[in-house]
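Two complexes follow with chain A in common, the first pairing it with chain B and the second with chain C.
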Partner chain A sequence: MSNSVTSRPAALANSRQRRPGAAAPSARRQPLSERLLGYGLIAPIVIVMAVVIVFPVVNAVVTSFQDQRVIGSPSDFVGFDTYAKILGDNAFWEALGRSGIWLVANMAVQTVLAFATALLLQRRGWWSRTARTWIVLPWVIPTVAVAVIWQWLLNSNYGIVHQLLGGIGIDIGSPFGDSAVAFFAVILVNSWHWFPLSAVVIYGALSTVPGEVLEAAKVDGAGAWRTFWAVTFPILAPVLFALGLVGSLWSFNVLDTIYLITGGGPVDSTTTMPVYVYDTAFSAFRSSQAAAASVLTVIVLAAAALLFVRFARPKED
Partner chain B sequence: MRSKAIMAAALTVAAALALGACSSPAADSGDDKEIVLWHMEGTPNRVAAFEAMADKYNETDPEYTVTVQVQDWDQVYSKIAAAAQSGKQPDILFAIPDFATYVRGIGLGQPVTDVVDALDEEYGLIDAAKAPYLDEDDYWAVPLYGMVQMLWYRADMLAAAGIEPPQTWSELRAAAEALTTDGTSGIALPAGKNLATDQVLYSLMITGGAADFFTEDGEVNLDTPETVAAFDLYKELLKFSPTDSASYAWGEPQAAFNSGAAAMSIEKGQYLAPFAEESGQDPSQLGCAPIPVADQGGEPGSIYYSNGAMVLSDDEAKEAAAGEFLSWLIEPENYGDFLNAEPGLFLPVTTDGANLEQWRSNETVSTYATCVDAMLEQSASGELFGFVDGQYIDSIGEISGQNFLAQAIQQMYVNGMSAEEAAAWAQEQMQMAIS
Partner chain C sequence: MTTVATARQTRKRGAKGRGLAAVPRIVSMVVLTVLVLGPLYWVTISAFKGREEIIRSVPTFWPETFTLSNFEQLFTSTEYPVFLTNSLIVGVATTIVTVVISLAAAYGLYRLKVPGSGKIAGIVLLSYMIPGTLLIVPLYRTLSGLGLIDSYAGLVLVNVAFTAPFCTWLLRGFILAVPRDIDEAAAIDGAGPTRTMLQIVLPLLVPGIATVSVYAFVFSWTEFVFASQFIVSDSLQTLPIGLSAIIGQYTVNWGLVMAGTLFTLLPTVVLFIFVGRYFVGGLIAGATK
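Presenting the complex of A and B:
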């Protein structure tokens, strides 16, 4: 039992020790033709990446230093003036703040839902086996359908949720039309849409926790809570770290769900940074300001990601 | 090893060719005998009808065939800008007047004065339909069909409450209040940040004498007593509208109206076709009336605008071919079928179009003939912001694109601003937008 647990880190350590030493002589021995083949094989994706990522990014940065209004219209170089305008715009800071709340709230709600679901899926029983398939349903539904479904469900005239709760005397008002609750209503919808992905990943990671380790913890007298924190969670940590990093970036950039349900309203109460950038570019026709906001957002996101990696990366021992 | 090097070179060439294939071949109008048309009428019946018209035209064996592509109103601003940047714009683009100013602003659009003048001479184009496209002595779009708003009401509900169709603002407010019961809203109004809210509010601004909110110099002049009065009326009416009106656009008020959850609404002729089927009521229960007029200083009217077609191709042969196709659409033997793409909503823009047998015999148009005639009459006094009395405000696209009128409504409805504060706020926002 103990062999199976200790052999994995040992093997990993061996492989880590081997890797640098093994790679160097191999590269030295590599003939030109093989290297050319390698370059040839990666050339298509490098070219595609350059066209679809590098060019738009460079173009956005260049545009952010201009005073372009409608996309494609003539513009002049204005240095940092556009950045100064953006940084002096209260709406920018409000949108950034909302994006922060959006990110944290989505991460919290989705993590709780995903963990609870994954733990339930681990249990034995026909309903658990069935749920393993159906739990992904919210995730596979297209976002536009998600938006329509929830708008219908919560519509005050014919929404079934409204009718059912109204039947027992509960008036939920208009979740998407009330600026006090619209933001959290959209967060819940987005979390409902995306939590199955996290649930499936966590469920997969949970299934890799060796039963022998759990049994050993039980034999040593650890309770369920202690076992979870001392055994299960550390094993899951790398998966949760990756999920947290990628999920946060995805979540921050969500535009479609918000735009389709509330359009950023009412009165900008659901305007996060992507909505702000979109509206600035395509409703206010201020391309350069939208580009500057995008560049600033990338900087903020990169800083947040670095901090996340710095402080949340699981220890490798 | 040599074979691997050859394979690598071949892969690189293949990648380059594949990427090259992504770009279009060099433009050669000599070989390109296709006219691409973008429109934004995305409902299935309209899509099918427009494609049928293109097919019918292509069957006449023209030198240039027409291909129809559907776009979304919410996306077309960005798509046409991107298309302009890449030089891949459509040859014909359907537009409304304020969108046309935007398209011209990004450097697209050819004058179609010859086509408009010829159609005017042949069939007589309604002034209100063509005027918003006139700038610098040239027409920039060929008007194709008009749209106008009316007050729609459930005749059975008004009769049950003993209420006559309201003709004035005070009557409208009183009716909305009287018709509001536990399960029914007196009126369903949009209050979302969208064009639907802009347009309904603007209809009330017109009948309140606030149609023109620009000075002669093109400066914004929204913060006037007339505008404040219209804002105040809208705020009052929203008290009798469903509670989630802040997220309403086009479809929600109509759904509330047809489901019996609301007794009145203000919108265009799209209410006609689905009413009987969706409401389960006899068509006679759908009532229509002109937009109620302010009790003092008001004037009859409604928002009215024509949807036109801009010619974007700068190839002379294609320009001419696009003009031929648009003229063909207006010909009496085709125009009725074209208007029937959305019977009741699409109104003729030619003076004799109202009598076209193809159009008049359509089931919806004939069933609701009284309302259709009322809409045609209302069209005569219709206005559109930015184009009142021969105006042509270049920056109106930037104002309508940001839905400042709708945002002002939200400031009142959601944030509790007074009508005076909302008018001042909208004035400031509009001024900033065009400065």
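Presenting the complex of A and C:
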């Protein structure tokens, strides 16, 4: 595993260096048959994306200006009324706030876990070698399995964690049923599910840091801390940036983990934005409100993503 | 000369300090191992425990009486086999369609590079970034307009829309690694663009195809949100929904639930053992571009 993980980026780097020399045939010289083939090949994905993503997004925006309840029922245009209703709904703001906490807490826990794991994976020895294979397991298994596993482990009657901690006098109660701790319990479970992905990506990026440079820094008397910030971090920066952007978006959108473990409860304590939208649409049957909430969320997300790109993008040199 | 000597000295000092310095490292290794493998171990042995043993107040760390009764009950008296079959059908269909579509798109965008490729690739990736939450409501309406609610085809279509863009992007690295000189050689031999693609480049992309297949299958196998709304009949439900329904019905029977969980996570684990390294390699290649 380690070999292919490290050799892939290298192979790619080679192919990139070769690319300018053997540049793509320019538009003028590309034969018609090749161009037709190209557009024919691209057509299916464009059609699928248009039907499943683009058209529904337009539809969502239209629905958000109507007063539709059950999906597909007749409805009238009401302008910004639905938006006004949503903006005046406490539940919406609470869900948005919870999503903010969810995002930050998940990213923090996962980044720390992933970094520590990546550093351990990088070492020599049998542990690191075998861990490179099994570390990804929590990420690979289906979310429904993750949800069931942790409900079983933390079960307040027969759960192993409960029994082990009970043995040393700690009573954790039932973490998913207690509105004070349920949110953080679900955050930890979600982090368990997702941290291996970041760990493996960071590990891959770490292995692109040239060993000679690290050695040279050591010889020059730079400590571990300075070496990290001066040598390792600049090389990791683009990867961490991509991971931060995509990881945040993925984290924000998590619905299944929360829904399968707590269903948004107890007393809404785990209702993040996606859960709120899902419930509004399919339990409360208020399609327009769900659509308006989604549109507002996407605007907030897009703004946040733009700020992130503007201020956190590593400088290219 | 002096620098070499200092370097050697530092290394020696490092080696001497290893005894104590290694403690936090070894502790973190143990913690990580327990954290990741512990839960999976516990689920596995729970599935083989009898009804009485699993709820004992003093837990056993290895099944005293190794029983298959949980699995027997799972397959004979629950709907599990139906859900398993549905998940397999949707998973295989999603995989095949995803591979065909993303391979075609990646070849057109990153190899033939028809005019406008860069823009199209950007738009496809961007639309992938749109949150699924936004889509639940309108997608339901779109699918019902197409008559695809409560059908395998509808679910496959939605799955493909979410796997194909990422898979196209994953394939990019694999396609760029195939040298372009091959094309010229093929052209000299009189092969047209279609033949070059199918007979010369395609066979070189097998690792890429394996990676993409696994991603698509695992996505479909795991997908919960869309399946929970776009499939209505119980007889068409996939595993994630079916399993959570079984849990609702048999809350007290944890052995049965664990057997179901084990069977649900097994295929993804097995697949990953085979092609995981390509997948991770592709991810890293993409992220470090």
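Here are some notes:
Keep this in mind: the second predicted complex is superposed on the first by the 282 of 317 C-alpha atoms of A that agree within 3 Å, B and C clash if a C-alpha of one lies under 4 Å from a C-alpha of the other, contacts with A are read in each partner's own complex, and residues count from 1 in each chain.
Simple rule for what comes next: a contact is a pair of C-beta atoms (placed from the backbone, for glycine too) under 8 Å apart; a residue touches a chain by one contact, two chains touch by 3 or more.
Everything numeric in this text was worked out from a predicted model, so none of it was measured.
Once chain A of one complex is fitted onto chain A of the other, the partner contacts of A:249 are limited to chain C, with no touch recorded for chain B. In the superposition on chain A, A:309 makes contact with neither chain B nor chain C.
Of the two partner chains placed by the overlay, neither chain B nor chain C lies in contact with A:170. Once chain A of one complex is fitted onto chain A of the other, the partner contacts of A:179 are limited to chain B, with no touch recorded for chain C.
Touched residues of chain A, counted separately for chain B and chain C, are more numerous for C. Of the two partner chains placed by superposition, chain B and chain C are both touched by A:39.
Once the two complexes are laid over each other on the shared chain, residue contacts for A:48 go to chain B and to chain C alike. Using the contact criterion defined above for the overlaid structures, shared-chain residue A:282 touches chain B and also reaches chain C.
In the superposition on chain A, A:141 makes contact with chain C only, while chain B stays out of contact range.
By the touch criterion defined above, A:267 lies against chain B but remains apart from chain C after alignment on the C-alpha atoms of chain A. Residue overlap on chain A between the chain B contacts of one complex and the chain C contacts of the other covers 31, 33-34, 37-41, 44, 48, 51, 71-72, 155, 157-158, 281-282. Partner chain A is touched in their complex by these residues of chain C: 3, 6-7, 10, 25, 28-29, 32-33, 35-37, 39-40, 42-43, 46, 54-55, 57-59, 100-102, 104-105, 107-109, 112-115, 117, 120, 124, 127-142, 144, 146, 157-158, 160-161, 164-165, 168, 173, 176-177, 179-181, 192-194, 197, 218, 221-222, 224-225, 229, 239-240, 243-244, 247, 254, 257-258, 260-261, 264-265, 268-269, 272-273, 276-278, 280-285, 287-289. Note for the complex: chain B touches chain A at residues 1-2, 4-5, 7-12, 14-16, 18-19, 77-78, 81-82, 84-85, 102, 105-107, 191-194, 242-248, 252, 255-256, 259, 261-262, 397-398, 401-403, 407, 410-411, 413-415, 433. Chain A meets chain B in the complex at residues 31-34, 36-41, 43-44, 47-48, 51, 69-73, 151, 154-158, 173-174, 176-179, 261-267, 269, 279, 281-285. On chain A, the positions that touch chain C within their shared complex are 1, 4-5, 7-9, 11-12, 15-16, 18-19, 22, 24-25, 27, 30-31, 33-35, 37-42, 44-46, 48-49, 51-57, 59-60, 63, 71-72, 116-117, 120, 123, 127, 131, 133-138, 140-145, 147-150, 152-153, 155, 157-158, 160, 163, 192, 196-197, 200-201, 204-205, 208, 215, 218-219, 238-239, 242-243, 249, 252-253, 255-256, 259-260, 273-274, 277-278, 281-282, 287, 290-291, 294-295, 297-298, 301.
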